[in-house]
Structure formats: C-alpha cells, structure tokens
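In what follows, chain A forms one complex with chain B and a second complex with chain C.
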Partner chain A sequence: MSQNRREFLKTIAAIGASTAAISSVTPKKTIAKTEPFLSEDRKGVLVDTTVCIGCRKCEWACKGAHGFEQGDFENYQNDEILNVQRRPSTNNLTVVNKYIDEGTRTVKMQCMHCEHPACVSACIVGAISKKENGSVVWDTDMCIGCRYCMVACPFQIPAFEYYKALDPKIVKCDFCIERTSEGKLPACVNICPVEALTYGTRNELIDEAKRRIKNHPDKYFDHVFGEYEVGGTSWLYLADKNLAGNVFPKLGNNTAPGVSESIQHGIFAYFVPPIAVYALLGGIMWLTKEKETKKENK
Partner chain B sequence: MAHLHIPTPISKKYFTPGVIILALIAVNGLIFLAGRFLFGIGSVTNLNDQYPWGIWIGLDVAAGVALAAGGFTTAALGHIMHRDKYETIIRPALLTAMLGYTFVAMGVFVDIGRWYYIWHPLVMWNGNSALFEVGICVMMYLTVLYIEFLPMVTERFMGKVNLPGFLSRFNKIVDSILHSLDRGLSKTMFIFIIAGVVLSCLHQSSLGTLMIIAGPKMHPLWQTPILPLLFLLSAFSVGFPMVIMESLTASRSFGLKPELDVLSSLSKFVAPLLGIYLIGKLGDMVIRETFVYLTEFNLVSILFGVEVIIGVIVPLRMFLAPAVRKSPTGLYIASMLVIFGVLMNRFNNFVTAYSPPYAVESYFPSIGEISVTLGFVALEILFYRLFVKIFPVISIPSDKAHIKTKYAIRGAVK
Partner chain C sequence: MRIQYIFSLIFFAFISVSYGQIENLKTHTQMNLDCKKCHICDTPTKANPCLILCPRNKLKVVRHLPEEGPENLTIDKISSDEDLYGPVNFTHKLHSEMSLMSGGCSICHHFNPPGKIVKCSHCHETARDRKDKTKPDLKAAFHRQCMDCHKSWEEKTECESCHSLNSKKIESTVKIKAEKVHPEVKIPQRVIYETDYDEGSVVTYFHNDHSSLFNLECSDCHDQESCANCHAEIRLESIKADPHERCSTCHDTENNCNKCHKSEIARPFDHKIKTGFDIATYHSDLSCAECHKTQNKFSGLKPDCVVCHSTSDGYFNHSITGIKLDETHVEFYCENCHQDKDYSRKPICNECHDDDISFPTSIPGERIK
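The block that comes next holds the complex of A and B.
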C-alpha cells in the first residue's frame, strides 16, 4: 500500500515538473505573438470620403489585381448598385456604398488592417498574420476553415467560400501585398481618379488627416476614424459626418482581442493554474483514499 | 447487501422499433452530410459571411461538450473524492462522455471547411486563440477518455479471446497482451483520471472564452468577461442531471430497476451547483446592469428568460424538494430541465446572441443542419446501445458470487 502511495506521489511530482518544463518554453513564444511587431513606418491608406465620387474604379482595379472576373468598367457606373448596401465578398475584396442621411457620401470599404487584429489573435492555427508593412494577410497552407476569424472580426470583413467542397478560402483584402512589395501602389489607390485614397506611412497619414480637418473645419467632422478604434487601424477615414454607428459599427478604443487574450493568458499563466488544479486533485485523491483505508483497517 | 451491482454486458436484443426510428434519423443526417462533403458547407447550411457559425458549432460542439460533463464530474466524485457509492454510475457516464466527445470531434470535422487539415492545430500553435486551446484540450481529453475506457475492453475479453479461423492461434498472445495492458492501466489510471478532470475544467471554461472576442457583435445579455466561469459552472451543474437522465432512460429501455438510492443521493449535489451558477449569472447581470435589456420584449429577451427561468430556476427549486429527489419521474423531469437550460444557454451564446453589424437577415438553421445535428444524436444513442451490449458498462444486480470490482475503472490508487 505505502509502496503504491509513494509511487503515486512520485508520478504526480514528475508530471508537475515536466509540465513546468514545457511551460518555461511556451509562454515566451505566446507573448511574442501578443505584441505584433509594429514597424515605425508601417503603411496605411487615408480615405477621404468627402472627395470620393463613387466611380467604383477602385473595385474594378482591385478585381483585376487579384485575378477575379473584372468585366467591363462601363457596367460599374451604375447608381442602383451604389445604393445597395453591399459587403466585401469572396469575389469582391472592396465595395463602395452610398449613404444618404444629412447629405450623401460614398464610402469604400475593405479590411481595415487593424493594428491589433482580432482575426490574427483568433485564428486557431495562426494562419493570419500582421506584416511589418501593416498589412494583415492570410495563409492558405495553414487555414483549416474554422471561420473563427470571421466571428472575431469587428468589421465583419473575412468572407468564406461556402460553396467549395475542397480548399474553400478565407477571402479578404490583402492590402495588395504583392504590388506593394514590388514598390507599386495598391491597385485601388493607384487608379482612384480624384485622389480620395492616399497611401503612405500611417503616422504621416494621421498628421495629414488632422491638417485637413484643421484647414477645413466646416468640411470635416472632427475625427479620424481608425486612429484609435479597436486599438487603431491601418486604413483611416475622413468624412463630413461621424462614421461610427453609421457606416461603421460603434467600437471602443480597446483592442478587439484584448479581453479575450488576457483571460486566455490568465487561465494559462505559465501553466500554473492547470498544474495547481492537478496537484490539488491529486492531493484530494490521496487524502480521501487514506481515510478510506483507515476506515477499512479498523 | 442483498445484491451486488456488477457491470455486465446487457443481453437485451438490439433492434426495437425505437432503434429503427433512430437509425432512420441517422441515415437522413448522413445523406445531408454527403451533400456537405460533395458541394461545400453552403449547400446544406444557412451559414454565410454574416453568420459564420451555426448550430453545428453552437449545439453539436458547444452543447455537446457541456452535456458530456457527466464524465468528469462523476470521475471527480467517485475516483478523486472516493465516494464509492457512486461507482455504478461512473462507467455509463464515462461511455457517454467518450461517445459525446467523439461526436463533438465529428461536429468540428464536418463544420470546418478544410476537414483534411484538422490535425493542423497539433503542429501550428496560436496560444492567443481560445479556439486553439479548446481544440488541443478536447483532443487530449478524447484520448484520455479512450484510455479510461480501455479497462472495460480488457475486462470483457481477458481470458475469453476467441479469434475466428486460423487467427485462433494468436488467442494466447492477444490474451497476454490484454493482461499486461490491464496491469499497466491499473497502475497508471489515476494519472489519466486527474488529467481528465483538469483538461475538462480547462476546455469547458475556454469554450466560454470563445465568444468574448466577438465583442459588441454579441448581445450584452450574454457577452461578459466572466463567460468562461459561467460555462464552467454550468458544466458542473449539468453533469449529474445528465447522468441521472441517462441512467433512468437506460433502466427503462433495458427493463432494469432504476438505482434510485444512488441517483437520489447524487441529485443532492445538483441544487447547490445550480445555485452557484445562478448566482454567477444573475450577479453578473446586476453588476453590468444588463437587466435593462429584459424590459424590451423581443425574441432575445424571451430566449434569455426561457433559459434562466425554465432551465435554471425551476429545476433548482425542484432539486431542492426531497419529494422530487425520491421519485424517478420528478428526477427525470428536473434533470431534463437542467439539460434543456444548458442546451439553451449554449444555443443562445453562439446563435441568439450573435448579431453582426452589417446583418441583412437573421440566421435560422437549415433542414440540412438540423438533420445532421439530429443524426449525430441518434448515432450516439445507437452506439451507446451497442457498447453496453458488448462491454460491461451498466451495473445490474447479481447474486452470483463475484469478486467485487473495487473501481469502476480499475486501477485507481490502491
């Protein structure tokens, strides 16, 4: 009996030690992931919706740059489509919608390339990553198609190929990462005829946005959407009206994955809680057994 | 002691009209599943870019995990706290947990778009992801459950190995393998028992963390940072009612006398556990002042009310009454209500509460989704019936002189 008990304790201790050993390696990796490397001159785009004329050239160019059926540009000058509230989808990474209330504005939408992306934090296998230049991109070789990134994204951006039996993809704007790595502008920025889209370093874009607000306080609503929302986004918006709660959902300034990650790391803080529970249960198991044996021996 | 209860394979015949109906439901589900694998998830579900998750995640996976909580709660009670009285219910609870988690894994398998990459989380880690933690824990726990079930397999076949035809020459070898396996298991089983409980606590709560990242997309009645705690507490409270419900159902369907004294004393744990859960749930509501949403009378507030009143408060009151705890019907109804409450809670968290910012329509499960979910439940029951016929799971009274199996899963600390 005592022999068994000693063995029991030994095994428990061994498990504790090995888990501790694992934990000393793992968290570092995890912590590194929590703080994505945000380079000082990461890029962004400033969308000035007061300039946008709703020509949808950006949609057309985007399709071309990503290998989708583009069609004739003539078909894009169609007010009916503008008035339908569309969302980015599996064959359209960006859409321009028209909003009418106290004036009219056309707004181009796509993935915001968040500074602390919920999709990156959520992805079960780490298939989505925030790159040094600010773009948030998806890796087809890793994704398992669980769609948790879609659940997580506060802007409801990632789309999924529901009608493909094999290799369905998560589809979203990739900030033209191929073009920008060759030194070219993103396709939409490149084609925009009125310079409603400005590509540049995120910090400079924020300065530029504030300059425009200051110079034309009558023209702009005094807020750069995306400067702080969900911890900041690479795409920034200027408008004549508050876009939050209208064009975009009302979102706080806390990073989207913040609460979830701190709970997650709380439960697993260096594996201490699980090991503690293990030890506690082991202890109870041993003690109650002890009592039981004594009872039986009497 | 008049009778000794000994786990024995049930000898009743397999097919009954009920079983045939279940088989039809299962086949119907499998047909829709074939559609999913041939033409994609969209062809059989109502899921879309607005609603990426439906009842396959909300019910098959989230509720499935919660309702399989009988496995770890009875293991904790019987093996860790050594309440030997409950040993007869541990094996059935373990079998349900094993089948339950198997079908949870199946649910994940059919829901993910790239099912052939289901092993990716094993090698590609994202420690920030609640889903990763759920996935890894469920995989490990499933393995632990299979290991915990092994003693029933060895017990069934030890000394009775009788392979057909020319294979019979291996009888001896297989038998000795079984014997050494059995011995090895006896020595190490306590490791798996504790690990099973720890893993369960971890992923039961992490399932609650899952929806937190959805932030404002989730209705404030359910969205709270203590979701993991609420999920864990509700899992604790639904474990025993599940065991009671199954035990009563099994006795009825196999024509056995229900083990009322064991079930009655087990039911004493339910009210306190439900009470703690209710305090957590209501306390959270008061602190975050979400009760204001209950003044609006709409589908969301009705579903919340149904979940809390019918699924928690009513059964809590019932389990407090000794008369209910002593009657099989009372126990059955009260247990069913708790199960219903947790089912509703998971459904509400994953489906009702989820409203994306740009939704143009709302989600309701398709015929295909419902068929597959029902099909999985039917298959699970069919497997349960099969397993209790093959393996010594259910304890029945026996007057034969028989060495008492001290541990339902043998090999706990001696």
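The block that comes next holds the complex of A and C.
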C-alpha cells in the first residue's frame, strides 16, 4: 500500500517535471552549497557491513529509545525476517535487511542524514531541518503531512502515518538527537554487539574508513558509500561489494535538492495559477518568519 | 585533538611494551628476530618502543599447548546493569584444541608475542565512546572474534548459544556448555580420489596409515581447517585448491606421479610385503623416522639400532636379527657387509670372499631363530 502511494506520488511528480519542461517554464535549479552553519565536528556513523551479524539489536534499541512497542525480544532472534526487504516505517526507524549477491551481507538502514538533504529542500513549510551537528530532524507540529519529503528523499526514508485518519505525520530516524544532546551515543550504536556502527565526527570516520580499506584491501570494496553520494551523507557505509545499485540506488554525487526543487516548481508552474503561488510563497515566508521570530524569542 | 590522539597511542604502546618487556626480557634478547617486525624506529627504547600498530600476523607468534591454558573462563569484564545477557562461560581448552587444526592460538590471540599471553583488554578499551576508533572496543572485539567462526558454520546469530538472557534468570544453558566437549572426530580408513590424470586416475589415500602408522598429528596436515568444513549446511571443500599441496610436504609430487596415481585402488602399506621385514611384532610403535634416515626417503636405516640392541661393550647385538655372528665376522664394521649402511638390501660377501659365497646360502655365523 505504502509503496503504491509512494509510486503514485513519484509518477505525479515526474509528470509535473516533464510537463514543466515541455511548457518551457525553466525550473529553478538550486545547487546546494556547503551549509555555512555546519560544524567541522559534525557527527556521523560508519556502518561496517562486513562485521554486522544481522542480530537486529539496533532495531530493538531504536524502538526502545523512541518509546515504540518493542515486542517480544526473542522474536528478534528469528533471522528469517532478514530475507524480507523491509523499509524503515513509522514504528521502526531502522531496519536490517539481508542481501545476497556473491555472498551474503546484512545492512542496517535508516535516514542517512544527508549533508544537503533533499527532504529539507522539499518541505514547503520548513518542518525538516539540518542541524549544526549533522542530524536531520523535523518538527512534528509544523509538518502538514504533504509527503513531499518522501518523494524527494533519494533513499526513500521518511515514513508516513497512513493509518492515522487525522493529522498524519512524517516519521524517520532522528539520529537520536535527544540522547546525543545528553552526551549519550545513539541507541543503535550503543547496543551493537560487534560495533558495526562507529559514531564519531564525519571527518574522522572517513579517515577511519579509508584506513580499513587500505589495511584490508581483500576484505573491502574500495569505496566509502556516502562520502560523495548526493553531496555526501552523515552515515557512511563500508562493504565487501559495491552497495550502489544493489542495497542503495545508483546515485550521482550531485546534491539532490536541485532535483526536488525543480519537481516542486514544475508542479506549481503547471497546475497552479501564479497568484496562488505568490499567495503560497507569502504563506511560507510568513511561516518561516514566524519560526525565526520564535527562535529569536527563545 | 590530533596530539591527544597520538599521545594516547604512544601511551598505550608504552604500557603494552613495558609490561611485555618485564615479562620477557630474557626471551626477548634470546629471540632471533628482526627488530623491524615489531618496531618502526631504528633504536626502540623502553620509553619509546615505537611499536607498529596492532601488528597481527606480521608478528612473531608463540604457540602453547591447549593444556597450558585455562580449562574454562568466565567473560564478565564488560558487565553493566543495562546488560541483556549474562556473562559467558568460555570453554577455553576445548576451543584451543580446535584451534590446533585451524591456525593455532593466534587466530584469537592475534597479538601474541613471546612471553605472557596478552589479555584482550590490554589493547581493546571497554568504553564504546572513545577517541581511538581504529580498534573495536572490548565488547565488539570479543563478539567479532567469536562470531567470525560461529557465524561461518552456524549461519545464525543465536546469542543464547553462549550467554543466557538476564531476563530469564537462568544460568543453566551456559553451565552445560562449559562441560561440553567436542564429539570424537571419525577418522576415515581410506579416501579414494578420482582424478583426471590419464596414466593413473585413482589415488588411494590411507588416512589411518598416515595418522597412526606414520605417526602424523591431525594438525600436521589439517592446520587451516575451519569449523564450517564439517558443520556448515553446505560443506565447504576442506581440501586445498591444489590437492598436491598437502602431499608435497613429504612426497615428490612433481616427478613421482605413479607412486600415488594408480589405475586401480591400491593396497594399504605393509612393511613385510614391501621390505621383507615384519615390523608388526616388535617395531610397530616406532615412527618411521625413528629407524629411517630421512622422513620421506625410507631407504637407509639409522645406525641407532644400538640404542636398544647393543652388546655389553656397546656394539650392535647382531644376534637380535636371528643370526649370531661368528668370531671373525663380529669384528667387522656394519658397512663391510651392509653396503651404504642400507640394511634393507642383501649383505655383500664378495669384498673378501669369492663369488661362490653369497648370502643367504652361506651365513656368517649361525642361524638362531
């Protein structure tokens, strides 16, 4: 169901984009620059899939840290579920899937906390934001449930509370912002029995990833996934095989926001009379302004 | 930041080495080692040993017998109130016995210099949130070490095979495990290989001859096995990529093909049929090398028979062979009759006698058996 709706939204978006091109409305392409506010010490996680044992303790801990129903602990021992290709959902912000392609590997997935997040650019009310420490978080109160972020996200991460009739929202991994602001490790990093997940500054993790590749060239595919993909991500992956095109979609190194913005502008250019666009833009400006004022007042 | 990092590394290296040096000062100097194996600089000192980081298998490693280590261990170094699982009772001796066939102590103790065994916690820190990200923390180090083998043959991640859930409040599963021993490994009598060698496609490998008669230890050949070779659902090919590799340690596999490659299944080795000398009665407990000069060339015999078979004045007691030498012959050196000290060949008489005298028609003494 969720897939269908997602596909539907994507199709609409694609039609919008192509129509926009046909009607020669030049979409405004914004190539995101390095966000000036991002800290040099912004955090990330290095996922070493060669040591992951697929125990799903990370899923269990993540649920616990976010107050979700964890279910029977022993069910996590059942590794058959690994064969089902799951996506993060509204009550499971991270999932571990098994991929078979010349050997097996288990890969944990969650929001990648992109350096230039498409979801942030796509959100018309500015509910999602990239924080100085690298995490991409959102404000439930501001989310209007439009699901643009779902379409925009190159990793298909944001999940939507379809089951809620009233006021459904978007949910995704929040990089355990509450825990990290208290000086704790993200719940998944903390529990992983084999330390397949290493938490640190993005820069030191890239160095460490390259050190591992250099020291064990027979063990690793020579690529740190997330170093450059879609302009870089906070979560970085090491594996014995190329993850692009198998575990992850094949993505260029260009930032995704440009793409998503053209989608948005395309839709509006074709379907909505200009006056409505101005009204909407005015609304957004007002909302953003209000947010900023709120911030300033804090 | 960087300086702190380097400092912690040096500090760490310092601790490990000063500790090691006190323990092994004697062995260290006696070791015939290239210093560069472990040290980066030209003149390592106690204060600045400049050790290479986690040298792993580049290092000179030591081997111990399984009996020298502890029988069982309880791994509870990293327990906290949040723990889901209880401590692990680790059957150390059992695992070290298995390691004999799969790479030795160093498959787990990868930092294994001569001297006292270095504890895992010596290098691997207990805190997950730490500066040095180049080594896994202690919990991860333990788990990776265990899972490396367990996952390869169980293909599962059943945490409870090693430690019980704290919520269940039982210890029994682990206790039983501590007493469990590996079931006896069935040694095959013989293995028949079909090969694509035209001039003799059948190779008959007498496993029992090699293991008992030739006194080889399992680990002499099986030193790189893994549990998965026997236990995995899909059995891995345990024989090395080139099947000759194992045999060529003793056999000349380059030139002597027909020694093993026959057109039909071969008969087991029988010392009496092959040489005429029955070893079954008195010599069956000896390894080949105890009598034969070189391990894989069984022609010449060592003159060591005197160790057991000597007369009161220290010479070989020839009567043991069934022939008591007469007064003349007893004065000769062995090689006067036994050419090249090869006792499996017929003795020669024509050095002194005419051609009409030869063994066994004529005997240099009296037959007593």
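Brief remarks on what is shown
Assume the second predicted complex is superposed on the first by the 222 of 298 C-alpha atoms of A that agree within 3 Å, B and C clash if a C-alpha of one lies under 4 Å from a C-alpha of the other, contacts with A are read in each partner's own complex, and residues count from 1 in each chain.
Just so we're on the same page, a contact is a pair of C-beta atoms (placed from the backbone, for glycine too) under 8 Å apart; a residue touches a chain by one contact, two chains touch by 3 or more.
Quantities reported herein were computed from a predicted structural model and do not represent experimental measurements.
Within the superposed three-chain model, A:79 lies in touch with chain C and out of touch with chain B [touch as defined at top]. Measured by the number of chain A residues touched, the leading partner among chain B and chain C is B.
When both complexes are overlaid on chain A, the residue A:249 reaches chain B alone and has no touch with chain C. Of the two partner chains placed by the overlay, only chain C lies in contact with A:199; chain B stays clear of it. Within the superposed three-chain model, A:222 lies out of touch with both chain B and chain C [touch as defined at top]. Contacts of A:189 after superposition on the shared chain: chain C is touched, whereas chain B is not.
Contact residues of chain A toward chain C in the complex are 46, 51, 53-55, 57, 73-74, 77, 79, 185, 189-190, 192-195, 198-200, 204-205, 208, 211.
Residues 84, 128-129, 133-134, 136-137, 139-140, 143-144, 147, 151, 156-160, 165, 167 of chain C are the ones touching chain A in the complex. Across the complex, chain A meets chain B through its residues 1, 4-5, 7-8, 11-12, 15, 26-27, 29-30, 33-34, 85, 87, 89-90, 118, 121-127, 142-148, 150-152, 154-156, 158-165, 167-168, 248-252, 256-257, 259-261, 263-265, 267-268, 274, 277-278, 281-282, 284-286, 288-289, 291-292. Those residues of chain B whose C-beta lies close enough to touch chain A in the complex are 37-43, 45, 47-50, 52-53, 76, 79-82, 84, 108, 111-115, 117-118, 120-121, 124-133, 135, 187-188, 190-191, 193-195, 197-198, 201-202, 205-206, 209-217, 225, 228, 354, 356-358, 360, 412-414.
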